[in-house]
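The structure that follows is given in the form of structure tokens.
Chain naming follows the written order as A, B and C, and within any one chain the residues start at number 1.
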Amino acid sequence: MQWFDALVQGILLGGMYAQYALGMALMFGVMRIVNISHGDLVILLSLVGISMASAWGWGPLPVLIALVPLAVLMGWVLQKTVLNKVVGSDPLPSLIATFGLSVALQNLMLQIWSANSRSLPGGGIESQSIEIGGIYIGLLPVIVLIVATALTWGLDIMLKRTRFGRALRAASADVEAAAMTGINPRAIYALATAVAVGILGFAAVFQALRSTVAPADGPAQLIYAFEAVIIGGMGSVWGAFIGSMVLGISQGIGFRIDPGFGVLAGHIVFLIVLATRPQGLFGRA
Amino acid sequence: MTAVLSTHGLIARYGDFQALYGVDTELNAGEAVALIGANGAGKSTFLRSIMGLLPVSRDMVRLDGEPVGGTPTDRMVQKGIAIVPEGRRLFTGMSVEDNLRVAIDQATRVGAKGGWTLGRLHQLFPILKEKARTPVQSLSGGQQQMVSIGRALLCQPRVLLCDEISLGLAPKVIREIYAALPEIRAAGTAMIVVEQDVGLAQSATDRLYCMLEGRVTLTGRSAEVTREQIGEAYFGAGHAVV
Amino acid sequence: MTMTAIPYADTEAPDVLVERQSRSGRVAMTLAVLGLIGLAVMPWWASTGTIRSVLELCCYIAVAQMWNLLAGYAGLVSVGQQAFMGAAGYALFVLAQTYGINPFVAIFLSLLVPAVLAVPIYFLLHRLDGPYFSIGTWVVAEVFRLTASNMPIVNSGAGMSLRVMKDFSSFERNVAMSLLCAFMLLVTLGGSYWLLRSRFGLALIAMRDNPIAAASQGVNVAKLRFLIYVAAAVGCGLAGSIYFMAQLRITPGSAFDPMWANVAIFIVMIGGIGSIEGVLIGSLIYFIADRWFGEYGATYFVVLGLMTLLVALYARTGIWGLVSKRWDAPWFPIRRKLVHRKL
């Protein structure tokens, strides 16, 4: 029963990781770029959300409604001012640029919000739970998982069925051929990053509700997102979702073995997948 | 009569390497022109420079007399030039229909009109209807080439550039594909056809240009130029044709 | 039918020399040798405080040069070299403190640990595509940190102290630190310079400029990358051992501090990637900036981060790239240059 509980908690944790991982899978799939400041953007959005809530007395929902458009705008600006200049076959410029941005963002947040951990008051939902057969399941983690599933499903449908999704898949398959079909790659990239960072707006609100956030937390979120994407296998949003579940379950079980072993257990599963199935669980070989 | 597409002293380079040395060409409305020449003569480079895939000066390429050299590729497509690129360059991982739909989407977005529809394309290449849901990477080479041509046509071009569409295909398949060209021309689309097979190029076009080492060495009516003339232009002056 | 070699009638072999050294190079080489000697004899001219500062600078140079070798030549952008620094540092502490081996012997033995660890790690990580490789190296460093935090033999999260150093007088320790600094620069900078001028050098430069073309020209890119990765692990390990020996204390947090990745990237990008000169310039800038502006803490790092970003966007060759565009006076020439012999 104890292990079943760990499994359930792991899946719920996976819901949180999926919200980080989707954006990363999308950006890497289209541009072959990994944005090292990915996690720092989540934290920045969380802190902005927390400040909004405390300044205007907003509940989680108004914060979410304000934060997602803000995140979309941030993504678009990031692409226009930074990423469009470094996208290309050489991974070095984009890594260095986003690495510098990550260092700058972390320290800027430290200046503005200090090193303290904060969280977003959820008006009670963060402490509500449902008991099912002897296992207590938090209401908030369930909401997080439902939202993560909905976001994954929505992103998948968008990629398969919409004009933007087709253009995005075309650009990720062959960017020059996409341009020969009338697609403006930079416009597609800007939209993709806007969507990716927009999803981080959801992640930011839920992260701040579920636990606490501090300016130095970004790198850990980046690593979890990355592990989820690699475990699941590149090239599909459902892969990233399943990878997040596997990572969440590994950590959940690890935590149950020893609280100091939780995060490490996730890393070890990641390394095992990398050693035995480098294309990821659901990737094409 | 102004040419629909023309190049004027077109110069292109890859870094330090100059590939085109002042190429002058003209393509009139509804006309089909062949571009022949040995490997490395600059044929693909010529098409790529027109498409804005290589940096060229504004005045070097004109569309309806308007200087358009160096315009980004996607804007060139909007202006009415489409290319069937060398190596087909399909969007792998996507179905035949999605590959074609990408072009339809973009044409719709910019409001391009030209009369090419999925239905008409299916009449031209019936196999594409049958294979609509198949991922493009599992098609045969000839079928892939048909998707590539279809994708270019759905961009609703006034000018179609075809880069070695017969490359690597069986003779029967090549005939099938070339049989579609008259119908494309009948729709009023002008064409530049880059082709290795000189005989095929001559039979499918009105005029031809032969290139050698980045320069045009021969131009004339496809039906009138002789093998000797072509041999000389193809390999350089002084080459004996046997 | 007989074949005869037809001599080129009108051409004579041009009267040229292959020059591999330049005047600026000779000046720099002399200064480098003098500098190394100066480092080795520090106890006779510098205070303990100065030696500590210089040691820190030498560690920056060594780690930055290793990162430069990885990112600037082998195309392996690592953000996790601190894994090897910490591993070697911990190995030193265990060997010297737990097993009582002479620390100055242990410091060399400790290099086996990064060397041995680098092999399986490379085989795991090289499967990751470009940018993902980088984050993979970071995960490995995190795994090391968390493992150290859970390992009783290294005193888990509490860390270790190198109390055996008390057996040596302060002067003896200063002599050892100075010699180690000189040795570290000789190995990392001198070793890189030797490597770049050797027959591997051309292959490395070809690989930096275009890996696919290099492979088609017979350069065994995969093998060379692997060797560079292991060499850089050992180089970083050496810097880590020396750094933590001087610190006398090691904890999982300090041993596997991602700050080292920040420092290496900043130094190399600002100084100029793909050159030894750039590493020296970048290290000096970082060292001085750290002394002057370090007290501003977060603001200082915001500026460092933004500078790294701007260099990546607008000046990818860094300061040395801008300098060498204007003056052709390399300090460490690695090119072969044809010069007409004076008549």
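Note that a residue touches a chain if its C-beta (ideal position, glycine included) is under 8 Å from a C-beta of that chain, and two chains touch if they have at least 3 such contacts.
Quantities reported herein were computed from a predicted structural model and do not represent experimental measurements.
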item: Contact graph of the chains (line, ring, star, complete, other); value: line
item: Highest-count interface - the chain pair sharing the most C-beta contacts; value: A-C
item: Inter-chain centre distance, chain A versus chain B - centres from mean C-alpha coordinates, in Å; value: 43
item: Centre-to-centre distance between chain C and chain A (centres being mean Cα positions), rounded to whole Å; value: 34
item: Between chain C and chain B, distance of the C-alpha-averaged centres to the nearest whole Å; value: 51
item: Sites on chain C touched by chain A in the complex; value: 71, 75, 77, 79, 124-125, 127-132, 134-136, 138-139, 142-143, 146-147, 149-150, 258, 262, 265, 269, 273, 297-313, 316
item: Interface residues, chain A side, partner chain C - complex; value: 28, 32-34, 36, 82, 85-86, 91-97, 99-108, 110-111, 219, 222-223, 226-227, 230, 258, 260-261, 263-264, 267-268, 270-271, 274-275, 278
item: List of chain A residues in touch with chain B within their complex; value: 163, 166-167, 169-170, 173-174, 176-185, 235
item: In the complex, chain B residues that touch chain A; value: 51, 53, 72-75, 77-78, 82-83, 85, 89-94, 98-99, 101-103, 105-110, 112, 151-152, 155
